[in-house]
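These notes concern the structure reproduced below.
Every chain is named by a letter (A, B, C and D) in the order it is written, and numbering of its residues begins at 1.
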Amino acid sequence: MSVRVGILGATGAVGQRLIQQLDPHPQFEIAALTASESSAGRSYSDAAKWRVNTPIPEDVAEITVSATDPDEVPNDVDLIFSSLPSSVGERVEPGFVEDGYVVSSNSSNSRLAEDVPLVIPEVNHDHLDLIEVQRDERGWDGALIKNPNCSTITMVPTLAQLDQFGLEKVFVSTLQAVSGAGYDGVTSMEIIDNVLPHIGGEEEKMESESRKLLGEFDGAELSWHDVDVSASCNRVATLDGHLENVFAELAEDASAADVEAAFREAPTIDLQSAPDELIKVFEDPNRPQPRLDRNVADGQGIATGPVQETSDGVQFDCLAHNTIRGAAGASVLNGELLVEEGYL
Amino acid sequence: MSVRVGILGATGAVGQRLIQQLDPHPQFEIAALTASESSAGRSYSDAAKWRVNTPIPEDVAEITVSATDPDEVPNDVDLIFSSLPSSVGERVEPGFVEDGYVVSSNSSNSRLAEDVPLVIPEVNHDHLDLIEVQRDERGWDGALIKNPNCSTITMVPTLAQLDQFGLEKVFVSTLQAVSGAGYDGVTSMEIIDNVLPHIGGEEEKMESESRKLLGEFDGAELSWHDVDVSASCNRVATLDGHLENVFAELAEDASAADVEAAFREAPTIDLQSAPDELIKVFEDPNRPQPRLDRNVADGQGIATGPVQETSDGVQFDCLAHNTIRGAAGASVLNGELLVEEGYL
Amino acid sequence: MSVRVGILGATGAVGQRLIQQLDPHPQFEIAALTASESSAGRSYSDAAKWRVNTPIPEDVAEITVSATDPDEVPNDVDLIFSSLPSSVGERVEPGFVEDGYVVSSNSSNSRLAEDVPLVIPEVNHDHLDLIEVQRDERGWDGALIKNPNCSTITMVPTLAQLDQFGLEKVFVSTLQAVSGAGYDGVTSMEIIDNVLPHIGGEEEKMESESRKLLGEFDGAELSWHDVDVSASCNRVATLDGHLENVFAELAEDASAADVEAAFREAPTIDLQSAPDELIKVFEDPNRPQPRLDRNVADGQGIATGPVQETSDGVQFDCLAHNTIRGAAGASVLNGELLVEEGYL
Amino acid sequence: MSVRVGILGATGAVGQRLIQQLDPHPQFEIAALTASESSAGRSYSDAAKWRVNTPIPEDVAEITVSATDPDEVPNDVDLIFSSLPSSVGERVEPGFVEDGYVVSSNSSNSRLAEDVPLVIPEVNHDHLDLIEVQRDERGWDGALIKNPNCSTITMVPTLAQLDQFGLEKVFVSTLQAVSGAGYDGVTSMEIIDNVLPHIGGEEEKMESESRKLLGEFDGAELSWHDVDVSASCNRVATLDGHLENVFAELAEDASAADVEAAFREAPTIDLQSAPDELIKVFEDPNRPQPRLDRNVADGQGIATGPVQETSDGVQFDCLAHNTIRGAAGASVLNGELLVEEGYL
């Protein structure tokens, strides 16, 4: 009963994490891998510079890589995971969906499009039905859904739980891991004994994606949340795990205990890769720490520390594994949701 | 015409930086060094585990270390720099002042006391006259003045320039260097591939010290500023240089350009170790970076990057060398101010 | 049928790794934990500052810590693992053995004593019978055996395989992880953007322990191997995993292929925690790398790279997990060997 | 009386260090800068991504970059410094020399050519006269001289001093800084919590260049030294400064004190950028350390620690700044030597 899946951009950093997340997976079976023209026709083990900390799965190693083109991918693939650079995603993803493929994409293109669901299953799985709007408007047979950026996804599950207290404004500083920039994204000369105080485009993504994710979908149209988010993004010398300092202003009074309780009660969802506990709340103010806590719930959980009250709200830290819950694992979760909701 | 100075806690990390800052200094001559009982009677080179990146000055190496007791320090010392652990500072500093010494202290004890000037020369040198109140109330001949905590001092010169736009509220996240915890304060096992999301007491210091520094002194009493500061402090794997992400809410409209202009026009002061430019504003959003910019103005400057507008204010980064402008250099500047203002 | 074990020095870094290695273990059950007087009487979870990357086992957390004294340890303990500072080990280990305990120790004291077996099971398990000599000479009922230092154990399995080619001389440089110095052993100020070129006592341990481990035991006396080892030990900014560059001079001709074959054919032993393959030989000259390869065979394997020929021998790299195969895991293996050989 | 110099490959990492070393220089004035075609015609400040820790010199910023072609470089340039990738150097350097330019090159091409002097001024300045052979054989008007690779240059001054004791064999392990691979050469994902045990081609360079440098030139032919060098090269997480562990076998008896004395007595040379002391010998076994000691003699010195005796020789550590003494500074020194010896 397994679903045959293809991975677009399979040789990249997120592509490799996708393969790791799917090895094995009770519902999904890897049937196709695509990469750039120069890799097409080669075995995956030959085409990929494998850098994940578990060995390359044997059956995956032997798959012949295709070009990233719907005509080159085997017809019996049911679900596509896409982890392409956004400029490539923008160009090729629509062709796959036109051809009838259901695409769960991590690429940043089209995340803010009106008819493209941007989904974190535990937070806004009801947005998935935007697919109907998408199909109507575009005449597509398939479907395109997106997961948010790694820095957004780390914070939004906590914001969703703050909404009951009247979430008005958010200031957030991030301390992001180097893996978020891709394997070659940050050189050692840049980061040893240093911090990079700017990540191009990241602040804007956190500000807009958060509002879309927290928005309301009435079956026809999606209204963005009016929370006002200001982000300041930094790169630090950690391998994996984005840590974020959140300051949230709330319309209603909420004690630290109220907020911690709300975090502990965050909804879960019955999907294969979803954590039993979405938000883990540490009582120790020295947690969460990237190296110690990035693998909470196999990298699919959000870790937070003690909440502190401020004059008009609360402040707290949150942390997630940026290439699992923040990228590959998020796409897999969305794939599982698509199966569960009958979109395949 | 040189002033003979003593250093309390001379073998510690800040004590060593003080010696480095004073070697040579056109106004000050090191005449006494104190440390704990176990070091008393030994030569400084023997007592100190020297770790600063310039050699120990030859004449300092041969000074015999005294116990940290006013009776043990040579009488002809005019000015005392204190870099003691706060619990020790609290116990011994009053004795020195009672004995008539003028003490410029980096220790955190008494920073918030009503009659103790907490001073950044360029920001609030007029607070220095609290010494008159102090002498009246305590019957002291000497004087005790303090410089703020390293994380406070990095931010406050920028806040002082925002005050003209109606500074109301500040959210700040810090990315602090390991040297701020002292030489042995952060182990390598804690910080490699990691961030520590909590620094005990640091957030409270930033919140209260900022309000005192920005307060108004009417000649008799000091009224704290009512700015509302919320801080979240993190330790990262940099050696020196605290980077801070500041979000400030302002009562009045101020464009990014207005604020950058205000930063560039920050007042300077005519003291030996004071920078020609207090706040350097980089136009490149990738700056300031700790390793590249911590030595701006020989470690006495504040570096900032481009200012961005938020819905009710601005956000920007600031950076200072935490053991120079944030500690030893701050005490030296205050010492120079005491001389300039005739308190010796 | 499980053996009840006690751990001396259970709150230390190696003590914690021992608990992790034994949780669970098919043969061993933790029945006693000792630490310094100040911890005695407290629950383990209260006494230990737990820092290993897996949670503290629940049943271990509740054990009441004893003082490190044979009179304080429950009588029904059969086997003792010792990970004490050498000065403490020297003082207290003999008392445990006199009282009849069999002690598998990681502490460096007595490693070179004539009648104390220093053992790597795959290399020299026949040395175990030195216990008979030990009992005769000392009148002990129990037994004391040692595993070597972490830097020695990384190299010696390869040297043992070189012995067939007439091993004469070894030059070795180590690039050791900070965990080898204990949790607080290396400060962040020492190691960020730096290397420490000296580790006190380490070079001597590698030189002498190697000769004892490779020695011949005739049933009565142990003759050390006459290989001439010169070591240069460095500390680098890695968390776990000692990497070593070995240059070995051989009496006989041996091609790189001969030596790689010898490594691949290294003997294994049928013990619970022993790896299926003792020495993994990577063909890629960029391996082994500490972060990628320290967990080979669950941290019990030795990883090497391609062998290169030199004028009179060979050169190659080797790597092992310093707190598993190099410390806690080594003691556990020796404990399993003691059970297998009937010494309990 | 200043010499007008040009820099080939001026936008690269070594090119930038060259500009820094020459700003200002009492003998040399920068008159031409070349880079790849895409940079030609632009101002240097526009073409270069400046990353050195001092600001770009103002007059250099305004120089218009030329293509790396002798026809594009102003005729009044007297001396060329070359820091090109070796494949480019191999192609273009001969054209400059044919055109009459004197070229002091850091590029690795032609370092081992019979008629190209490979020079460290303090070690083998007499090899410079190979230029006569070169001119005879090639019919060139100019001259091409080379400085060795950064890892070679760190060690060879010590080997030259060991030669009086009958230097026979050397085993050396290197712990090299990331800057040696160029600004983008080592990614942060590769080196955080890790060591790279292999640097392509580096071992061979150390082995052959050392023998050429220590060779004897009889006025007509250069005989390489027959020392047998085996190197193992590693990349570690330091920014600058190559540390090397050297084991040297000597034909004659030499005590540690003899060797340390020989190091202290290493010859110096009277050139502008040459250190007063070539080899600094630390007595502390914890030195030399990359971060503390890479700037010995403004980055032009070699730092060593205590010498230890081995069975047939000695072992010790040595350290040099890899982009100053190991690259840009080495080329400048050779340029000064060319002036001094009348080759311009």
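The rule is short, and it goes like this: a residue touches a chain if its C-beta (ideal position, glycine included) is under 8 Å from a C-beta of that chain, and two chains touch if they have at least 3 such contacts.
If you're wondering where the values come from, they're calculated on a predicted model, not measured in any experiment.
Steps from chain A to chain D, taking the shortest chain of touch contacts, total 1. A centroid comparison over C-alpha atoms places C as the chain most distant from chain B.
Between B-D and C-D, more C-beta contact pairs are found at C-D. Averaged C-alpha coordinates put the centre of chain C at 42 Å from the centre of chain D. We define each chain's centre as the mean of its Cα atoms; on that basis chain B and chain C are separated by 48 Å. Those residues of chain A in touch with two or more other chains are numbered 192-193, 237-239, 291-292. Interface residues of chain A, counted against chain D in their complex, comprise 51, 178-179, 183-193, 237-239. Residue ranges on chain D touching chain B, taken from their complex, read 53, 192-193, 291-292.
Against chain D, the residues of chain C that register as touching in their complex are 169, 171, 173, 175, 192-198, 228, 230, 232, 234, 236-239, 243, 245, 247, 285-292, 305, 310-311, 315, 317.
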